[in-house]
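In the two complexes below, chain A is the common chain; its partner is chain B in one and chain C in the other.
== the complex of A and B ==
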């Protein structure tokens, strides 16, 4: 059994909705990169940040409720609404729809906002609302309430291994018949502390992610959320299927591999593992300059792979980002001669998650 | 394929190992008290179930989080009981799935206070966070090559971890799984639960009419789960099987349960179906039983609806406190041991029947009939997870 991708929703620095992701792939749109100043012992240091915003969520949730929803949850909600809308399905028995989300860092800003209430107002004044929204599964909780999904609910967090875990779990639920559909999603958010740790980890003076410079530190933080509605229906699938998920350590890439998307993002500690691959250069792509650096980045590559299979096209890697790529130029798309695309992400210990999508049943 | 449990490990306020913990439970021995480690500027400090030790003996000279040290303790105990040795494990595909709450969160308060104060703290606390993701830590430490997943599903995380282990074995993803949960007490959760007004100023009283809330706890509970045939081939004793698991959402409220327990009912019925069991075949229930007004009312109501008053149930949180992401792992471990012991402990603190709960937990050590136990976990956010454990042959 293959788990089919029936609908996709994205909130990325390119905008909201898969059309914006497609525009980024085609080179007609650029990611929203906002320059932050990070205060360090050396003084203020500029840090370009791939910034996302859940614009248009008021189409699904009344404006007066939006102000009580933090940014990260807004991204998860909007991408989820879009994924279901994109599927075109009328989902009836919501006790048979599960939800599994993954995040590398969780709702970071809300976690620190909660600590702010302790620091500013004292231990007696800890905010119950911020506490409830600071736990990792607050996204799943609130999205399940908003969409009335009453199947199994799960939140996974394993840094760079998060996306492969999420897709593996969703596929298993479908395979075991626990659900008819699964809303699957991954994402991360930016906050000031993440900016500070990015600078101290070596991203000082980085102006652009250069993902194929595997041994250089060119990491810039990104944020966003991508959701997928997955199911077993053969006839309906628009975007292909998850045909296999492998995890382990070492090099999983076979010499005759299909198109390969690497989630390398300028992080030197993971980059060295990609550098050891025997890559077929013509079919290898790196898209992190579209969405920025984050542990859950592989999920965005899965969305790009699904779009590529749908269109039968292979989009070029955006070579650089940020100030070096201000001029938008339409990119030449190649015909995708393969029926499958593999998405690979490493962690700094050399563990990998390899998600392969297929256009065939 | 049956998922056989061949090793158990546990550490909590009731003891550092199962051989210490079970006698404490059977003698109704508990001692929740204000924390000696977690400072809080509150007038009345809610008692907690805290482990007295600093745990430094578990992995001396290293820089692990307390959650990781608790986890290591339980993993070592469980591996020892299973008889699995390092050389054997190297030849097998070993997966790790661990539930946690604190262990997945970057909420290092001293670091953040220093950062906010413009003191430019160094990265060590961040590095510690990045290298102490519970499942990844264990997989990397032992160089196991199977899937490694940390579940952050609030209070059902440990139960969900055991359920995922069963799924991995059934799907052929690995041969052996280290599954359970681990969580430490910390200021964030202590003050957070206090802000939600659901911590008790006194020792918790699960299902009691005059219960006033939960006591937080800390600990870890780990199960070694492997394919029945593999365990038999190496001559291991199968203590129990993971016979059923289900999870279902309320989609109702971010912090409170559905008033009729809709999600819990569904999860119990699906888990029973997966275990091919009828309600009357369940020997006992290890309830979620947090001792909060809402949880116990809803859970009691559902237990009464499905099991009438014929199945004895206990809340072992009366002895461990609510250990959040670890709770499901700890309670699965204690349930298996109780199955093997042929009895369940009294629910310490319970005295007065609450008509709204509909049912009463054990008040004495209670002999059990049959060979199946059920363990419930209800999470923040409305997820309900249920395990059914069946004693080994």
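== the complex of A and C ==
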């Protein structure tokens, strides 16, 4: 399996586009963390949220066409446009470009807004637009329409296993020759109900994600979307290839000499599984303090891995975030001695998805 | 506020129209098509919901709906005929 990553687009709390992600990795930019007040039985509780915004989407779609597009879809659309633009490819036959997107939670805000209209106004007055956008697959449908991509399209939802499912499906489509390119993407969004759930899970008074404190609850919700244009060919700006995808439970077998990116995000229920791993400390990195906690977090690590392979550098794990974040200080990038990077994410049952990227053809 | 102006505000809010204010919509502007404010078929479904939700007025007859949804004026006249609103 050798599916090349030809282009990347990101909408993260660091901003839009891979340059903003690189700035975060280099320590010259900090993620946008907005404090929300979550209403609970105990009163309002402050919750820092890693917040993203699809700024600049009107460069690709006129403003008046965006009125029915919710925030989640805006993030997906913008990262998709950026991924194709970043590839530098002139994609003429768009019938041979498929789409595989994934999300842990889907368009949460729209789903709850729709339910509100249903509860408040009855089934006769539930909003048809909100209903249409609350369906998970509306994501790829809208991206297909906006980018005129006419190949097969699919949306996958598998919580923490979402990213491995997406890359596995996209790689299989390319291997089978079903399509020439696949636009892949994963993401999640924040909404008030998720904030409430976070507080209930024990994140009250948490000010910063500490992903390596595996047995502590330091989870803070994040949101964003990351998209990849993938193909069999080694493009001019290729970022490396997906060399293997492994799923299972327990301890995965990491390729020798690989760097290891853990999608640990301060969630104690998954943290214990990372804690049991045999880790080569100097080649292990944790980047969730750049994008926040979310089921689709592994996709953001894949983007960071691709950038690292392209640059031949291994960026340091961000040390602190949230209210404890320091002033931006340039950090020294380490030379990446390995030619592959494995990205690992666990769910709370100990199931894992391991996506390995290689810099070699 | 007149019923016409109330409808214009509701249309902009519920249909999430951008770059247009209630003052820019004339009572007899076409709601649909390029000559008017450019609503489309999905907006028509939202208009049905808007009338039901805010005025408890149902529009079930397709032919009747075509006329009712011509402009803000025809919408207001229809609401008045069904509710006796001023």
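The criterion applied here is as follows: the second predicted complex is superposed on the first by the 351 of 361 C-alpha atoms of A that agree within 3 Å, B and C clash if a C-alpha of one lies under 4 Å from a C-alpha of the other, contacts with A are read in each partner's own complex, and residues count from 1 in each chain.
In this text, a contact is a pair of C-beta atoms (placed from the backbone, for glycine too) under 8 Å apart; a residue touches a chain by one contact, two chains touch by 3 or more.
Note that this is a predicted model, so its numbers are computed, not measured.
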item: Which superposed partner A:108 touches (first chain B, second chain C, both, neither); value: first
item: Which superposed partner A:137 touches (first chain B, second chain C, both, neither); value: first
item: Contacts of A:67 with chain B and chain C, given as first, second, both or neither; value: second
item: Partner chain in contact with A:121 - chain B first, chain C second, else both or neither; value: second
item: Partner chain(s) touched by A:46 [first = chain B, second = chain C, both, neither]; value: neither
item: Chain A: partner with more touched residues, chain B or chain C; value: B
item: First, second, both or neither for A:247, with chain B first and chain C second; value: first
item: Interface residues of chain A shared between complexes with chain B and chain C; value: 124, 126-128, 132
item: Touching residues on chain C, where the partner in the complex is chain A; value: 15-19, 42, 45-46, 49, 52-53
item: Complex contact set, residues of chain A against chain C; value: 63-64, 66-68, 121, 124-129, 132
item: Of all residues in chain B, those that touch chain A in their complex; value: 40-43, 101, 104-107, 109, 112-113, 115-116, 118, 120, 122-123, 126, 130, 133, 135-136, 139-140, 145-154, 160, 164, 167-168, 170-171, 173, 187-188, 191-197, 246-255, 262-263, 266, 270, 379-383
item: Of chain A, residues touching chain B in the complex; value: 39-41, 94-95, 99, 105-106, 108, 111-112, 114-116, 118-119, 122-124, 126-128, 131-138, 140-142, 144-145, 147-159, 161, 165, 168-169, 172, 175-176, 178, 193, 196-197, 200-201, 247-249, 347, 349, 351
